[in-house]
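Shared between the two complexes below is chain A, which has chain B as its partner in the first and chain C in the second.
Our next item is the complex of A and B:
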């Protein structure tokens, strides 16, 4: 029964993985990747680690892939046509794949002929309490370091996103409009993105150094 | 297998009649009658609706992405229905006539006893968003796409608040197993031990609000705002495929209500459950119906949020509130308050794991 389930879910995982690489539409690739994650979660359950399985579904399938799908939908990415690039790397890829297969074969061979038997009972490893105990005692440092890394990523993203926040609150100058205004004044200059802090048209005129803002009319 | 069949039938029937109840109660709130022609008092309306859905013409948009278009309602419904299996509908019951059939006369009223049932529920719920997002994308319709995008953003935001709101309960009970969480809430007469009364009212509020947003109900129903988006993500869906989305929404309502009843209102606990275990089922379903009524009541009462209000409410109000609740609960746990309460209430398993 377990072997049958393993074949089913492993086949699903491999099939979805191949489909992910082979699809030309990014959204189909994303859906295939979700399939891979779900199949992996099922495999974890058959291995007696329901906690890992649940976390796999929540974090990867439920959070990260939703963001990926969200971005694909938002950007409305079309199907990619596939130019043959980096042909020179093909032999290296073949070599790496061969090395990977050799490693797998070695591990299977080694495990098969190893005289040692696993000591810890299987049902104990994947339990919530044992994972929690491990995370907060033996592996506390890696755990905390990882959380600091994630915190850094969040802070970095917020810093990048809030560049415009350096302006005072009452400033209502949009960068795109700023470039347009400067281009109208002098079309030959490269776009200057420095924002101008102003509350009225008069202040902008003063900052740009013009007596009178040029009027855009239909005749021009 | 029999358990799944029974639970499926019960839930489906209750969902069908929730739709009827919603229409009748909304009618009452708005000073009109609601559907009352099919059968006595409109009692057969769900069956009539189902027949209508089955016999309607199934229209597939010409430029839709076929595979994803068919996949989306399937995902939505499957994800909604999959969580039913872990909820404890009642305590173990004893039936004498089942002894020769299954070699025991103790029947647990839960389909799958699962160690990490709470995480399983959260995981399956989080997969459900794909149904809506993909439906919006594959329909090749700008309104559908807007609905799908709104729903993805909304569900990502509120999932966080939802999960954080539940952490208080997990800290307090020290378990992810729904059955042991329910058993810890027995207390006196099956009422005094409810998590709602013991330091979790804040968590309850956060969970309930986030759950309404997760199920895309009023006042958080922006993914299907009729006045702006025609019908949102399911604009291009018709006949049975639309019915599947409809079903998924109501089953989701039902399952989040079940989770709320299980975690905060003591599940099947109630007066005299230990003498008459069958009462537990009725207490549990009664609590669920209470939540469903609350949902319908809200729909009849509140206007819809604006999108920026929705986002700032989720991120700037609910999430900090949930974090305050976690810190508060953890402090109480550290001080040993829950152990003391557990001793006072003399519950079988004790609090604090």
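Our next item is the complex of A and C:
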């Protein structure tokens, strides 16, 4: 029964992974990656790790992939064209793939013949309480370092997001002669469509008859 | 028939290899990013399999920390991708061989 479940979910994971690499539209490959995550979560349940399975679904399939899909849709990614390149490296790639398959086969058969064959069993290893106890006693330092890492990630993401404005690179703000509507400069006045022609802040103050010009922010 | 440890290790190796192949053949930055996530998950499967078969909770704690690193990587990486897209108007890695913005 467990073997059948393993074969089912392993097939689902490998199929979704191959589909993810084969798709040219990034949105489709993101959805395939969500399939891989869900299959892996099911495998974690069969391995007796329900907490990790739940976190896998919530954090990976929920948070991270929502972020990725959001960025894909924000940037309006088009399908990629794939011109053939690095064709000269094909024999090397075939050789490396053969070596990898040989290593995998070696691992499978060698582990099968090893005397110690541990088996999965029902225990309290994967439960939330044991994970929490381990996290807050033995591995407290990595836990705290992880929190610092998250803080750095937050600061870094905010810095990256706020450094470049939405203006394109070739946009320039021309200083000097500008024509602005009167209500833009002084919200206290009644709506008046007479424009103010000014060359500097002092001229705006004179035209409006105010002592302190209102704050005008530009995007430069 | 009960699944052996080697089954999970083989599945993890296959998933990791697919992720490596994806990083090599993809040209879109976001697709390469998702392939890196796939590789992280393959390693997570190895951790959980060893943790379950040896009845030691340490592996699952490592998986927890790897997930946190992946979340931080997603936040910062996608921020970098958006910044690059704003200045280059492209997500192709061949256009982004120069890091200077």
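Some points to look at:
Keep this in mind: the second predicted complex is superposed on the first by the 121 of 220 C-alpha atoms of A that agree within 3 Å, B and C clash if a C-alpha of one lies under 4 Å from a C-alpha of the other, contacts with A are read in each partner's own complex, and residues count from 1 in each chain.
Note that contacts are C-beta pairs under 8 Å (C-beta built on N, C-alpha and C of every residue); 3 or more make two chains touch, one makes a residue touch a chain.
Keep in mind that this is a model prediction, so the values were computed, not measured.
In the overlay built on the shared chain, the residue A:102 is in contact with neither chain B nor chain C. Of the two partner chains, both chain B and chain C are touched by A:67.
Using the contact criterion defined above for the overlaid structures, shared-chain residue A:31 touches chain B, although it does not reach chain C.
With both structures placed on the common chain, the touch criterion links A:57 to chain B but leaves chain C unconnected.
In the superposition on chain A, A:92 makes contact with neither chain B nor chain C. In the superposed model, A:130 lies in contact with chain C only, and not with chain B. Set against each other, chain B and chain C touch different numbers of residues in chain A, with C touching more.
Residues 51, 55, 63, 67, 74 of chain A lie at the contact with chain B in one complex and at the contact with chain C in the other.
Contact residues of chain B toward chain A in the complex are 68, 71, 114-116, 119-120, 122-127, 129-130, 133-134, 136-137, 145, 148-149, 152-153, 155-156, 159, 176. By the touch rule above, chain C contacts chain A in their complex via residues 1-11, 13-15, 17-19, 21-22, 25-28, 30-31, 33-35, 37-38, 41, 44-45, 48-49, 51-58, 60-61, 63-65, 67-76, 78-83, 85-87, 91-92, 101.
On the side of chain A, the complex with chain B involves touching residues 27-28, 31, 34, 38, 41, 50-51, 54-55, 57-58, 61-63, 66-67, 69-70, 73-74, 127-128.
The touching residues of chain A, when paired with chain C in their complex, are 2-3, 6, 10, 13-14, 17-18, 20-21, 26, 29-30, 33, 36-37, 40, 43-44, 46-49, 51-52, 55-56, 59-60, 63-64, 67-68, 71-72, 74-75, 77, 80, 82, 100, 103-104, 107-108, 111-112, 117-121, 123, 125-126, 130-131, 134-135, 139, 142-143, 146, 149-150, 152-154, 156-157, 160-161, 163-164, 169.
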